[in-house]
Amino acid sequence: MTIRNGGRGDVSADPLLQAVRDGVRIHDLGRQLTIGMPQSPNHPPFWHALPRRHGDMVRADGGSAANDIITMGTHVGTHIDAFAHVSQDGRLVDGSDALAAGSGGRFAELGAHTIAPMVRRGVLLDVPAALGSPEGCPAGYEITSGDLETTAAKQGTPITPGDVVLVRSGWGRHFGHPDRDVYIGRDSGVPGVGEAGATWLAAQGAHAAGADTIAFECLRPGSGHSVLPAHRVLLVERGVYIIETLDLEGLSAAQVYEFTFVLAPLAIFGATGSPVRPLAVVGRG
Amino acid sequence: MTIRNGGRGDVSADPLLQAVRDGVRIHDLGRQLTIGMPQSPNHPPFWHALPRRHGDMVRADGGSAANDIITMGTHVGTHIDAFAHVSQDGRLVDGSDALAAGSGGRFAELGAHTIAPMVRRGVLLDVPAALGSPEGCPAGYEITSGDLETTAAKQGTPITPGDVVLVRSGWGRHFGHPDRDVYIGRDSGVPGVGEAGATWLAAQGAHAAGADTIAFECLRPGSGHSVLPAHRVLLVERGVYIIETLDLEGLSAAQVYEFTFVLAPLAIFGATGSPVRPLAVVGRG
Amino acid sequence: MTIRNGGRGDVSADPLLQAVRDGVRIHDLGRQLTIGMPQSPNHPPFWHALPRRHGDMVRADGGSAANDIITMGTHVGTHIDAFAHVSQDGRLVDGSDALAAGSGGRFAELGAHTIAPMVRRGVLLDVPAALGSPEGCPAGYEITSGDLETTAAKQGTPITPGDVVLVRSGWGRHFGHPDRDVYIGRDSGVPGVGEAGATWLAAQGAHAAGADTIAFECLRPGSGHSVLPAHRVLLVERGVYIIETLDLEGLSAAQVYEFTFVLAPLAIFGATGSPVRPLAVVGRG
Amino acid sequence: MTIRNGGRGDVSADPLLQAVRDGVRIHDLGRQLTIGMPQSPNHPPFWHALPRRHGDMVRADGGSAANDIITMGTHVGTHIDAFAHVSQDGRLVDGSDALAAGSGGRFAELGAHTIAPMVRRGVLLDVPAALGSPEGCPAGYEITSGDLETTAAKQGTPITPGDVVLVRSGWGRHFGHPDRDVYIGRDSGVPGVGEAGATWLAAQGAHAAGADTIAFECLRPGSGHSVLPAHRVLLVERGVYIIETLDLEGLSAAQVYEFTFVLAPLAIFGATGSPVRPLAVVGRG
């Protein structure tokens, strides 16, 4: 959508607000949360119901309110992993004992509530576009550091420290498939970044890395989540957040490779992640 | 927090991104979601647990993942009301039949998934500061349209069409009270905007209106939610979103009255609202 | 298990209690509720976590309590259908308007809380044993009224009014299959009672009818739950409760065809069903 | 209710079934599960909604099914504590390490699924009736071992090994109070069995002990659940199950002190307890 607040004579002293007033285009990178959507079978599925519908309880003045109940994991829909999510050899990213860190049923130190909201430069690495694979990366394909480097170079969008880097594999086209197992891809495998690619992203100084798949990782056919090297590199060794199940199709179609990335996780105290609705925002220029 | 991506020679052609690179300050307007936090008793309470902690299941390579389960209503913590939330005389804001609109257990037309992400001018109306009540508005106090007008004038921040207007009553200071009933305020009453104030906000063209209380409304002592005129005016008659349980204390302390307001509700298909983590972002200027 | 309270000189005046004291054998007819167990995909899946484990919060005296959180539908695990569960042409079993009956988000009249606890004669109809199919009825097989009649006759256990009749198809052997879709049987079909069998059960005066499958019904391969005639006959037309996902393997192996059937649904106000743990109890004789 | 299956000529060889056929009276000892009912604030509250109501999705043949979603702890409504619920000095009743026992997010050894269904002699100890306090025991009153002994003697119902003993304090009359905090009784205190009474119950060989309060224990005014000696004695030291929030008013009014007690917990794998609907069943005699 394009927002224009124009026509006002005054000019804000805040260049950010001035840019917003001059009109911005918002690309929604989040998937809708719906019952039955594809998500990792390791997490409680998203469910929703209306305890009250309109008409159930009408006040004397004719007013009525409907409401909701939701149950879900946090790694559902488009979501971000907190550092508390993954440990290696019993340690979290800060070297703390991973078992002790979760004592009390919440991660007080590295939970989702500690993820600072992001308003940062974002870069889309549209790998299949750069590699000349309009159909997207094949199932099980490992996106290499060379692929990432080539894509950034072809696009003219080098990664700079602090950026959020969104890696498009093209797998997102399966999200709405009637058989949700297609997007989950356990049998087929799923394309994604492997250990080398994750290391490269961290080396560029990425603040967070995202993908258009559930697991971010390259998953070999039938292997499921038995090995997750990119999670280890990013969440445990290098302190880079991971964002999953992004919708990158719109950005790709619009050929928007650089933008203001906005993400505000729910501040769920002690959780290992949060569903999110990230935005790519572009000023008029 | 202040973010500086400076030191790069190139200058973006995107004024928004350029402003972000020049450094922005983010004010977090969301409350943490914690078990036992104050919320409306009309909605399923927020609960969270870790089905898996680190050590529960360690992979052969020494990796381990913890995860979450959450149950909640959508009107919990800091949250936004979708237009589907409230009806008057059996009708929603678009004139549709409110009962029929919820058929199937979701509001396909006016649910939370239809709330467009917001990147807009935001204005804080710090009512107690303007009225000279550093302790905040008293319990049960109705913030009048005159109060709002006076505050905007004193601050030098007139409302313009499309703005998001956040009305601070000062009640937010009770959010962390050990007795959560204090913030809920059923017995004491809660300060807030009444019908006249809501009408004024809509007349200024507000896109959304927020408050630092659970119900946004002025609640008289002991009356609970029996009458909610501001909801009727804003959600049903005028099509203005309502944001509740905001943390406006930081903005007030920093005397930031004008900013870029960012809000991206979870796209929960068919729900009557969504928990959110809104941001007030300020450029360097 | 066999319970013997014997050795006491006094004899109770209550013949039931006396029989209990003389020793009873309890056959557990319920399946364990576990994460990932087979259940109908139409209902929220069973999930469980421990918000608190021992050690999370230890009292000064060294005591500690662990607890749980559960989310689920009610038609999960072994469960009973309340009359509110199914309607036909907009009517429930008592002729009431089905839509109006659920107003307020609960069925005040025909919900699970209205199912009286059962302590009744129970009869197992071990169809595959009677028909000479030790492997169980084939996938998609419709158990006919003749099959039921033959089984009752061969066993020497005629149905009498008020009995609870449990129809074993043998499909229960798939419950623990590593691939839970096998027991759900969407592709293969599932054996069960059809319209004629249901009519026969009702004609015998059955108070409730049970099966060792999720849906009770005969499901044709690939057809899912598109037509459920036995539900219509039993729940809507004849007022016979349905119990599903029973474990009848133990009764069959022990060749116990007649017993005291005990079932106490959770009194979930207004729900359409309840998970249960039914028992078949046999006295010493 | 009284059930009579009479009129049949044949006489069962099973004395239990014969007693059932001769007619039994069932006293329902369970409370209804309703949104907002009184429960311990330490546990996730019971919530229920109908994701689908009749009319939401009508099949071609005119049939329609409604269903439910439930979230709750297990120590809600009338419920039983599994041995996994409480530890003392890091140990469970079997001497196992309490922290290790919950590893994986479930108690595989002492969880609710390990509670054998009960069909046993039950004894009601109607303490206030025996003590001449028709109004019930006062708030905060500790029911002593002497009280229990006196009650059993006056009633002529000595406890025998293996019995289930239900201790009525009279507090159950508050369950339906409009202010649910009255039954919870944090401020007022709640009557119940203390350490000495629990020791006495265990010494009589009770298999399980129940009460008409949430916590079973004697709670002093304002003290909450800071010390729970009866839980320690029964669940950790002596291996006696605890049943809470029972409805004992009907039994008391009918002066039924001895009966067949029936309880079948949901076999929730690894949970620390289960909501239940226990029955007291009485034969004709």
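Which chain is which? They are A, B, C and D, in the order written, and residues in each are numbered from 1.
In this text, contacts are C-beta pairs under 8 Å (C-beta built on N, C-alpha and C of every residue); 3 or more make two chains touch, one makes a residue touch a chain.
This one's a predicted model, so the numbers in the text were calculated from it and none came from an experiment.
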Chain centres computed over CA atoms; the one at greatest distance from subunit D is chain A
Comparing which residue numbers subunit B and subunit C contribute to their contact, where sharing over half means same and under half means different, the two sides are same
Cα centre of subunit B to Cα centre of subunit D, whole Å, reads 43
Separation of the C-alpha centres, subunit B versus subunit C, in whole Å, is 46
Chain centres from averaged Cα atoms put subunit C and subunit D apart, in whole Å, by 23
In subunit A, the residues touching two or more other chains are 35, 44, 47-51, 53, 55, 69, 71, 105
Subunit A contacts subunit D in the complex at 35, 47-51, 53, 69, 71
Contacts from subunit B onto subunit D in the complex sit at residues 36, 41, 44-45, 47, 50-53, 55-57, 71, 103-105
Residue set of subunit A touching subunit B in the complex reads 1, 3, 5, 8, 12-22, 24, 26, 28, 30-35, 42-44, 48-51, 53-55, 59-75, 77, 84-90, 92, 98-99, 101-102, 105-107, 113, 116-117, 119-121, 160-162, 226-228, 231-232, 258-260, 262-273, 275-279, 281-285
